[in-house]
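Okay, so subunit A shows up in both of these, paired with subunit B first and subunit C after.
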Partner chain A sequence: MSEERAWHPRRAGPFVANRVLLVLLAAALMGVVLLPFAAMAPNRLMSGQGVNVAVALLPWQWLSLAGLAMVLALCTLARPFPSRLARWLTLIIAPLWLLLALYGLGDYAFRTLQDASPAARVSQGAAFWILVFCPVLMIIDAFQRLGSGLAVRGFYTAALVAMVGALFASGIFDGLSIMQEYANNRDTFAAEFLTHLRLVGLALGPALLVGLPLGLLARRSPSARGPLFGVLNFFQTIPSIALFALLVAPLSALGEALPWLKALGVGGIGAAPAIIALIMYSLLPIVRNTYAGFAGVPATTIEAARGMGMTARQILWRVEVPLALPVILSGLRIVTVQAIGLTVVAALIGAGGLGSFIFQGLGQYAIDLVMLGAVPTIALAVVADFLLQILVSLSKPAGTR
Partner chain B sequence: MIELQGLTKIYGDKTVVDDISLRVDSGEFGVLIGPSGCGKSTTLRMINRLIPATHGRILLGDDDVTQLPVEQLRRRIGYAIQSIGLFPHWSVAENIAVVPGLLKWPKSRIDERVDELMGLFHLDVGELRDKYPHQLSGGQAQRVGVARALAADPEVLLMDEPFGAVDPLTREVLQDELLRVHQHTRKTIVFVTHDMDEALKLASRIALLNTGRLVQYDRPIELLTRPADDFVRSFIGKADLGLKLLSRRWVHQYQQHATLQGSPAASTQAGYTWEVDATGRPTCLHGGRLHAEDRQQHTEVTQEWSATPDMTMKEALSRMVWFRVMVLPVIDGEGRLIGEVTMHGVMGQQPCA
Partner chain C sequence: MRVAALKRPTSRDGLLASLSALLVLLVLFMEELAPLFQALFPELGNPVYRRESFLQLTLDHLLLVLVSSLISVSVGVGAGLFVTRRSGREFEPMVSSLAAIGQTFPPAAVLAIVVPLAGFGFVPTIVALTLYGLLPVVQNTIAGLGTVPPAALEAARGIGMTRGQILRRVELPMAMRVIIAGVRVSVIINIGTATIGSTVGAQSLGTPIIAGLVGNNIAYVIQGAVLVGLLAIVSDLIFERLERRFTFGD
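== the complex of A and B ==
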C-alpha cells in the first residue's frame, strides 16, 4: 500500500511489519509467564501469595488468551495479512484479550473465595495489569497506523468502555478485594468522587478566568510578559505538598480575621488552600498556551485583517481566537489532567477527594484501599484527557484540520 | 485618485519616508519601486493608515484619509499583500466575502459578487468555492488574495509585492491577469515591487524611491529614456536596457504591410512573400531567412511563430531570434494576416520615440 508507505517512512523490514505491536506482545507474554496474575491473601492486611496465570485461569480461558496471542503475533508480520487487515484484526483481538483478562480475574476471585475463609482476599497481580495495559497500547497504535478519524475512534472507545462497564455491572468483580473495599466505603466513595470533581472544577474555572486574559496580556504587552512568566514559573517550581502547607498559615489567619470568610469555608485546612494551590499550578500552562496560541497566529493574517478594515475586536474574535483555540485547549487538557492528579495530594490538608482513600490505605497498609483511590483517579485522568483531546481536534478550524 | 502631499514618516531619529509628493490619477496603475528599505512599503501602508504618517497629507478622491474613521477608510481601499494573508480557517468564498460582510451587504449580493470575482480570475467556482487556503496552489491563493481585495468594489487597490512569493511562470500569468482585470475595472492601483521588469510591464506610472526620497515619478518609457540621475540609470540596469525598452513597445507600433505571394509587388520587394488561405490566414512564409542557403526557405506559420498587435516588441524579437527568421506575421483575433514586423523594422526605428 503505497499511501501508507508515505505515512510511515520508517517502515520495518520485510519480515516484521509492526515492531510496536511485536514489542507489546512480547512484553505481555513475558509478563504473563514471569509475574503473578493474581494474589491470594488470608486477610486484607496480609500481603498475598502470587498466583500464576495458568493456575488462576481455567484452561479454556488461558488457552483462548494464547490463541488470541498467536493471531496477534501473525498481525505483527508482513505476511500473511495485508497491513490494513492486520490493524483491524488487532482492533478486534486486543479488546477481546482485555475483556478476557478482566473476566478471568473476576471469575478466579469468585471461584477461589467460595471455599475460603470470609476474610480471605483476592487482588490483581502485575501480570493482570500488563494484560490490561498492553491491549490498550495496541489499540492506540493500531488507530494511529490506520489514521482513523475522530468519529471512528470515539465510537470504538465508547463501545469498549460500555463493555467494561457491563462487566462491572454484571457483578463479576464483586469478589475482588478492591471491590470489597468499595463495598465497605460505598457511601463515602460517591461523596469523595464528587468532591474530587468539584475541587478540580473550582480550581479550573477561576484559573481559566484569570489565565486567558493574562495569556492575551502576555501576547499584547512584551513588557508584562517577562515578569508574568517569571512569577508563574516560580509557582510551578514549589513542590505541591510544600505549597499546600505554605497556604495553611495565612489562610487560617485570614479566616480568623474575617468571620464572613470563615463562614464561606475559608480556613487553614480544607478546600480553600487546595483550590488556591490548584489555581496557582494551573495558571502557568493556561497562560503559556494562551500566549503561544495567540503568538502562533501569523502576523500577515492579522495585517490582512487590519487592512481589510476589521476592528480590533473583530480581529480578536473572528481571527485570533479561532486560530489560537486548539493551542489554548491543549493547555486546558494539560491542566485538567494535572489538577486531577494534584487533587489527590490535597487530601493531606483535609480537602477530601479520592486521595483520602489513598492516604487512609497507606496509613492502614491496606493496598486495596489505596487502589480504590488510585484506579478511579487514573481512570478520571484518562477519560478527561480523551475528551479534551476530542475537543482540541474539533476546535481545529476546518481549513487546518 | 490618490494624492500624497509631503508625506513623511520618522521613526525616532530615522526618516524612513522623506517628503514624498505624487499623484496617481483615477484608473492609473502606479508602481512604487526601489531597493529594500527605500520606504516603498511604508509609503503604501500609510495610505490605508496601517502606519500613521508623521507629516503630510494623503487625499483619496476629495477626502483627507486622516479625517475618515480608520476602519471605514480601509473598507474603501482594497489591500493585497505578498504572503497573501488569507484567513486559514475560512473557505475561499468566505475569504473573498470578508469586506462585503463587514459592510453588511445582503447575503445574496455577497454570493453573487464572490462568483463574479472568481469568474473574473478564472477560479473554478464549483471546484474551489469551498476549498480552504492550504488546499490551493500558490497561484490560486494569490488570485483569491487579489479577488478579496477587489470584493467590495473599492475605489483604490493597494498591492504590496503581491506576486513576490510565486514562481516566475505563475507570476507572469498573474501579471497578465492583473493587467486584464485593470483594463476591465479601471481601478486606481498603487503597486509596490522591487522588480523592474514587473514595474515596466504593469505600470502606467513608476515612482522610483531611494532612501525614503522620491527620485523620479514618470511614465515607464521616460524613466528608461530620460533617467533623472545616475541612481535611476543604475537601478534600471544598463545591460538589457534595449530589451527593457522593447518591453514597453508594442507590435502595432512596428507593424508593416505584408506582401502576399502572387501579388504584383512580390517580385520587387524584400525577397520574401506570405502565402495565405481563402480566409486570409497566413499558412507559410517563403524566404525571410538570413542566409539564402538555409535549406528550409519556407516557414510554417504557427501559434508560436506569429505575433499579435498587443504583444510587446521584446517578445516579438525573442520569437524572431528563436525561429531564426527575420520577419514575423502579425495576425488579428480571427487569425488573419494583417501585417508583419521585421528585424529591419526593429533596428530602423528609434525605440525612444
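== the complex of A and C ==
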C-alpha cells in the first residue's frame, strides 16, 4: 500500500514545497470562481439557476474561505512554515473549509427560501462538491506526508465525521432540496436503507460459508483450482443487471411449481434473485483471497509446526488460519464494497434498497431523489471500506503492521 | 487482479471462437427464435423485442464502451506514466489513493449522479463511463511499472539507452501484462455499466432488459441479458488471450 510507505519529501524547487497541495488548492479556487456553488429552482422537477459563491455566501463566510485559502497557500511553500507544521496546519484548515462550505450551503438555503414560494428548491452546485472533495484530498495528502499510523487517521476521521454529523443534526441542511426529499420519504428511507443492509448481509453470510471452504479446497487440490476459478470468473464477468434479470425467469418458474417456495418469498421478482446473484458475485473474491492467503503461509512455518508435533487440525487453526487471515479479510473488504454497489442495481428487479430512490428519481427526472439514493450508497461503501481496512490492519500479526 | 488462466490455451481459444460465433448469430437472428420464446412464454403478445434491431442495440452498446474505454486508457496510462516519472513522482501517492477510493464508489451510483448533472443521453453516459473506467487503468499502470526490476532499468541505462528508449523497450513491455489486466477490468465494468445506461437515456443492450422489467415481458429481459452477458464474456476471453501474449517468464 502506498499509504504505508514512508514519504521522502523531495523539494520541487526552493520555493514550492508541496506541489500536490498547490494543485488541489488551485483546482479548488478555480472551480469555486468559475462554477455555481448552489442552484435555485422554482420546483423540484425544474433544473435550477446557478448561484455563484460570492452571491450565495454572506461576506463573512466567503471572506473566511478566502482567508483560510491564503494560509493553505502558505502551507504549499517552503517558507515560512517548516514542513511538519505546514502539514498539521493543513489538517486543521482543510476541515474548517469543508465545514464552512457545508454550513454556508445550508445557511443560503434557509435565507433564500424564507421569501420564496413553498415549492422552490435549493440544491448543491458543482463548486460545493469541489469545496467538499478538495479538502478531503488535502487531508489525505497531509497524512501521507506525515506517515501517520492508522490510529491517528482513524481518530481524526471519526472526529471529522462526528462534526459533520453534528451539523446535520443541528438541522442546518433542512432547507436543502435533498433533505426535503428525505423529509418526504423519511419512513421509506429508513426501510430501504435497512433493506439495503439486509440484502448485503444475506448475500455475504452464505458467500462466506461456501467461499471459505472452497478457497481451502483450491489450496489443497490443484486439480480443482482451474475449473473452480474458471466458473467463478465467468459469473464475475456477467454484467450485474443481466445476471439479476436472468435469474428472474427460472425463479418465477420455480415459485409457480413449488407453492411452498413462493410462500417463503421466492418468486421471479424481489429479493431472492438479488441475493442469489450477489452470492455468485461475492464468491470469486472470497475464494481467491482465501486461496491466496493459505498459499502465502511459508512452507517452513508449517514444517516447523509439524516438527513441534502439531496435528493437521492444529496446524490449520493455530498456524494457517491466523497467518492467512489478513488476506482473507481483504477479500471480505472487496466483496462488501462490491455488494453494497451491486445492491443498487437489484432495485431494478424489485428487491428494494437505496437503488429504488435512484431509479425512481431517474424516472421522474427528480435529481435530488437520485441523490437521496446515491449519496448514502457511496457513503456506505466508503465507510465499510474504511472500517474493513482497519480490521485487516488489526488482523496482521504484531510487528508486520 | 484476476486469476491467470490455468487451462490449456487451445481449449480457451475454442471457447472464445464458439462463444463469439454464438454472439454474432444471436445478434443477427434473434427474430428467428420468436417461436421458441412464444412456446416458453405463451402469455406474451410480443415474444421478441422489435423496437430497435439487436444489431443496432449491440452497436450502440459497443460504441459507448469503445469510446469511453479509448479515452480512459489514453488518459489513464498517461497519468500512470506521469506519476512514475521523476517530475511527477510527488503526485503518485495522491493519484494512487484517488484511484483506490474512487473504485469503492458504486459504478451505478456514479452513473446516476454524473449523467443527470450533464444532461442525460449518450455523451453524459460516456463521461460517466470514462471517469469510472480510468481508475483501474491508472492503478494497474502504476502497479505494472512498479514491477519492473530496478536491475533491468540499471542494465538498460548501462548499455546507453535514453530515457525514451528505456520506457518503450524495457518498462512498457514488462508492465504491459498488468496494464492490460487493468484495461480488462475497466472494459468489463463499462460493459456492465453501459447496460444500466439505458435508465439514463443512452440506448444499449440494457434497453430491452429495462423495457421487459417495466412491461413485465420476461422474453425481452432474457434476450437483452443473454446478449450482454455473452458480450462481456467474449470480451473477457479476448483480454485473457492478450494478457497471455504479454506474459514473460512465469
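By definition in this document, the second predicted complex is superposed on the first by the 388 of 401 C-alpha atoms of A that agree within 3 Å, B and C clash if a C-alpha of one lies under 4 Å from a C-alpha of the other, contacts with A are read in each partner's own complex, and residues count from 1 in each chain.
Criterion: a residue touches a chain if its C-beta (ideal position, glycine included) is under 8 Å from a C-beta of that chain, and two chains touch if they have at least 3 such contacts.
Just so it is clear, the structure is predicted and the values come from calculations on it, not from any experiment.
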item	value
First (subunit B), second (subunit C), both or neither touched by A:Ala398	first
First (subunit B), second (subunit C), both or neither touched by A:Leu167	neither
Subunit B versus subunit C as contact partner of A:Gln314, first or second or both or neither	first
Subunit A residues touched by each partner, larger count belonging to subunit B or subunit C	C
List of subunit C residues in touch with subunit A within their complex	2-3, 6-7, 89-94, 96-98, 101, 104-109, 112-113, 116-117, 188, 191-192, 195-196, 199-200, 206, 209-210, 212-213, 218, 221-222, 224-226, 228-229, 232-233, 236
In the complex, subunit A residues that touch subunit B	298, 300-301, 303-311, 314, 319, 322-323, 397-400
For the subunit B and subunit A complex, residues of the former touching the latter	48, 50, 70-75, 79, 81-91, 98-99, 102, 132-135, 148, 158
In the complex, subunit A residues that touch subunit C	2-3, 5, 7, 10, 12, 19-20, 23, 126, 137, 140-141, 144, 225-226, 229-230, 233-234, 237-243, 245-246, 248-249, 252, 268, 288, 337, 340-342, 344-345, 348-349, 355, 358-359, 361-362, 365, 367, 370-371, 373-375, 377-378, 381-382, 385
